[in-house]
Amino acid sequence: MKTTTLKNMALAFILILLIPTGLMAGSLDSFKGEKGSLKISGGTAHIPVMKDAAKRIMAVNPDIQISIAGGGSGVGITQVGEGLVDIGNSGRKPKDEEIAKYGLSMVEWAIDGVGVAVNPANPVGSLTKAQITDIFSGKITHWNQVGGVDKAINVYTRDEASGTREVFGEKALNKGPITTKAVVVASNGAMKSSVATDPYAIGYVSVGHMDKSVKAVSMDGVAPTVDTVKSRKYPIARGLYSNTKGTPKGLAKKFLDYLMSAEGQSLAESHGFIPVK
Amino acid sequence: MKPFFFISAVISACVSVCIVLFMIILGLPLFREGLFFSMLTSPWNPSNGVFGLYPMIIGTLGISSLALVFGFPLSLGTAALISGLAPKPLAAVLRKTVQAMTGIPTVVYGFIGVFLLVPLIRNLAGEGSGMCILSSALLLSVLISPTMILTFSDTFDQVPVKTRMAATALGATPVQTFLWVVLPASKKGLVTGLILGMGRAMGDTLIALMISGNAIAVPDSLFSPARTLTAHIALVIASDFDSPEFKTLFACGLVLYGFTALSTLAVRAIDTVFRSES
Amino acid sequence: MSRMEKIRIDDLSFAYGKRTILNRVEARFMENTITAITGPSGQGKSSFLMVLNRLWETIPGAHVTGRVNIRFDGEFRDIHHRSMPLTRLRRTVGMVFQTPNPLPMSVAGNVAFPLKLAGTGKRKNTEERVEKALSRVHLWDEVKDRLKDDARKLSGGQQQRLCMARALVFEPEILLLDEPASSLDAKAAAGIEDLMLELKNTCTLIVVSHSMDQVRRTADRVLTLESGELHGCESS
Amino acid sequence: MSRRWIERGFTVFAFAAAGILMAVTMVLTGYLVMKGWNSLGLELVFGTTRPMDALCLRRPVLDGLFPAVAGTFALVALSVSIALPLGIGTGIFMSEFASGALKRMFSLFYDILAGSPSIVVGLFGFSISIFLHRYVSGQLYPCLLISALSLAFLVLPYLIRSTQTALENLPPEVRLTALALGASPVQNLFYVLIPRSLPGILSGVVLSIGRCAEDTAVIMLTGVAASAGLPRSVFGNYEALPFHIYTVSSQYMDSAELATGYGASILLFGVTSSLFLFSFIIKNIATARTAVSGPGL
């Protein structure tokens, strides 16, 4: 399990306080003297790390403007491909045809899992892969069919642009269908808060986004946690990618270098992702 | 100076025309392939290459007509109070409140809806997520009421004072004057207000996007989640520029534009019909 | 001829905002007479009429003090007293305005409107009473084939007589006329005057008028309203 | 009598309807205020940065609403300054110079524009920016300018209509007086007609400001970002209050972030409601001025 949010916040807060005093040397130094804007969009699992990194960079150098939008992995890939943004994030590896079409170059800076989540009030804490497939396809409709209360299951899913949906559909549902009656939400954050407020909900969310407000459901006996994803015991894992059109240049390169630096990697780790270095 | 005014008028008109033209041009491939009309009746299933808008059209019509069902009586009653039934001070307070209500941002309605109405409906229904047609229709009815109330009460106020006075002098109470004199003379305003309210409900994006659940199934009950055309544009916009999903956005836009243009024409037609009658 | 008093007005003041229109007016009106009220315009003659059927209450900013007593069934009653039902008052005290103000409905609908308000009368009964009222104002023959037409399509003179018929349908004991002929041509005006003389047999009439000729031809008494005071003099 | 019951029933119904509507409004706003009251304060906007430092752009605000407030402010200023000359010019043309078929055609176009859902206008702005990006310059993409343009299109009909109505409602004597004294039509317009109809025009302007500030659908398609810092250039992304509310509602990370959502809602609600009410008050003054006053009955 990841460390508590409170600790993260305190850590981030201390870091932000330290930055202006110049004690925070190292990789942020490379942004000194830079100017201009950097546009990032796409994968929603990435957003917390992106926001924190941007805050730190902009605090050191207010002349840099970094904008971060969501949209989902599909959006990130096409927008960077079309040249609308400088960095397009994706929660899945861009497909070969996408790489060929846009000449993408990618940086994988963290590993993340996708876990099934239910409301903390739900007694169900473990499901088999077959049960999960049937719940999401709409074959299993009530919680008491899987050992829960006698209530209808509210299935939550993501839109088609989502990398999380693609990874989950491929590795957990074996490309099986998701019921059309599922409520559609637009980001990992939205998935988490929806499941956190709906006592009969089931959804899937980036392991990095899991916290106490939702209950992670074990699949075939394995809980989706940083440790199980890291040890590859939990099978639904994916890389978090940041893509550029062609080889990264200028600010985009410095930003990606920062993500891969020790500080960037610890930032990823503090948000519940598994650093690649 | 006149050329300047003329040029502004032409530019403004062009904006209106350009919006349709853009939508038609960008949706043209769908027309050329004859897909447009089959899209109106087929489901949305991108993974199987089906990009129909039927569920969204039903969602839009269902949610906005339900909003009208809730909103119309509320608006009629409130407007009646404002224009004659209520004592003057109360009417003034009501009118000011309604005017201030027109300023409540739709995203704020949505925000409150997410945290207040959705859990309420979820508990009430006993099943489902609470994100459903009923929730968004209820909230939308509050959103569109001020528009309808102000239209209604403007129409009611157009009944001349001397006509009201005539009825009062004959012994009519305020409610009698309203029911038997003012209301029958305001048919046009009632219909206009209804159409405006419907337009406002169909055109709203945020309430539907935030609390109707956005499911792509055709809704089959008040407690089913549903997706509207507007929310669909907001959800899919982010996708691929060359993909068929993206092209269907313009079909979505065209259908919405068609609905609203039709209601605008209807309001104008009503205007002409009633003008020629009197 | 021993006529009885119908209306007693004591200490009546009428203010519109800060402007005093009637200042402590005293007046008596006898049964079956026509009283004309004249005076410069803007002095509150219409306002005076509106006191008598309490229509002033609908005017924002208007304020009335004093007593107005009207004799109902042989007994004087204060019209502003709580026990006085407003609908009964307005049915007993009919009013016709300066410009014709037909309601936006059919000719028959206009005349039947007061019956509809009272919720009285079967359909047959209603038709009879409409015919009777229209006949009294000599309009029946002109409109009997157009009863379903919109009342606003009638000519000005017809509209004004329609408004009188509408005021007469409940057989009021008092009829207030606010320059009833001022918007009409000479012929139509003469018709209204004849009608007033006929109505004298059943009603107490109070007529605001600017036309001295009309006053001379019809009125039993002329009162002048000026600077908030009502001066009287008996005539003919 | 059944009619009596209809009358009584209707009175009850009307009071019930207004009661329900008012109660619902009270509950909605009351809930918002109750939940968000504690988050209101300078800290909500400026976070841990000192307000003066933030306002002088000496130090960025990283944990407050300041970038969103500034973004909304820039957006409103930009779009109103685009729409204002165009809308008022068109309104003047429609009232003073247009006639016949041309007037009918133009007013149909403006009516249709007025009825267009904001998401459709947003889609239009989005497609324009894609078009420009592909065929004009790779440096152009959805940005503050595109949002402002689209919003300008959205509020254009309000400005046109309020200007046109204000001018058309002037009493004929007002129109003729200056002309009779030898003023040219243009002099008449600028010295008499426009000053006399200013309250009406102004109410339209205020209404447009409110619409620009509250609209979310247009900007979510045309360049608003979840996080962008202060707006630097019209060709860059920006943050905005309504979009902040939308994102927080669906993906707040913790209760502190949720509180900023309530705070932002109160802020936006306060601003737009007062703008709308202000617009109606100006309009009332305008109608009171042109209407005949006094007890003329």
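To keep things simple, chains are lettered A, B, C and D as they appear, and every chain counts its residues starting from 1.
Rule of thumb we're sticking to: contacts are C-beta pairs under 8 Å (C-beta built on N, C-alpha and C of every residue); 3 or more make two chains touch, one makes a residue touch a chain.
Computed from a predicted structure; not experimentally measured.
Visitor: Tell me, please, which chain's centre (mean of its C-alpha atoms) is farthest from the centre of subunit C?
Guide: Farthest by centroid: A.
Visitor: So using the touch definition from the top, which pair is joined by more C-beta contacts, B-D or A-B?
Guide: The comparison resolves to B-D.
Visitor: Express in whole angstrom the distance between the two chain centres, defined as the mean CA positions of subunit A and subunit C.
Guide: 82
Visitor: Suppose each chain is reduced to the average of its Cα coordinates; what separation in Å results between subunit B and subunit D?
Guide: 18
Visitor: From the C-alpha centre of subunit A to that of subunit B, how far is it in Å?
Guide: Their C-alpha centroids are separated by 36 Å.
Visitor: Compute the distance, rounded to whole Å, between the mean C-alpha positions of subunit B and subunit C.
Guide: Using C-alpha averages as centres, the distance is 48 Å.
Visitor: Specify, in ascending order, the residues of subunit B that touch 2 or more different other chains.
Guide: 165, 173, 176, 241, in rising order.
Visitor: If I count partner chains per residue in subunit D, which residues reach a count of at least 2?
Guide: 130, 250, 297
Visitor: Could you check subunit A for residues that touch two or more other chains and list them?
Guide: In subunit A, the residues touching two or more other chains are 70, 82, 185-186, 194.
Visitor: Can you name every chain pair that touches?
Guide: Chain pairs that touch: A-B, A-D, B-C, B-D, C-D.
Visitor: With touch defined as at the start, can you tell me which subunit D residues reach subunit A in the complex?
Guide: For subunit D paired with subunit A, touching residues are 48, 57, 59-60, 62-63, 130, 133-134, 138, 141-142, 224-230, 232-233, 236-238, 247, 250-254, 256.
Visitor: Subunit D touches which residues of subunit C in the complex?
Guide: For this pair, the touching residues of subunit C are 16, 46-47, 50, 59, 61, 116, 119.
Visitor: Given the complex with subunit D, which residues does subunit B contribute to the contact?
Guide: 1-2, 4-9, 11-13, 15-19, 22-23, 26, 73-78, 80-81, 85-86, 94, 96-97, 99-112, 114-116, 142, 145, 165, 173, 175-176, 178-179, 199, 202-206, 210, 230, 233-234, 237, 241, 249-250, 253, 256-257, 260-261, 263-264, 267-268
Visitor: Give every residue of subunit C touching subunit B within the complex, in rising order.
Guide: 53, 55, 58, 60, 86-91, 94-95, 97, 99, 101-105, 113-114, 116-118, 163, 166-167, 170
Visitor: Flag every residue of subunit D that touches subunit B in the complex, lowest number first.
Guide: 6-8, 10-11, 13-18, 20-22, 24-25, 27-29, 31-32, 35, 85-90, 92-94, 96-98, 105-106, 108-124, 126-128, 130, 153, 156, 160, 186, 189, 210, 213-214, 216-217, 220-221, 242-243, 245-246, 248-250, 261-262, 265, 268-269, 272-277, 280, 297
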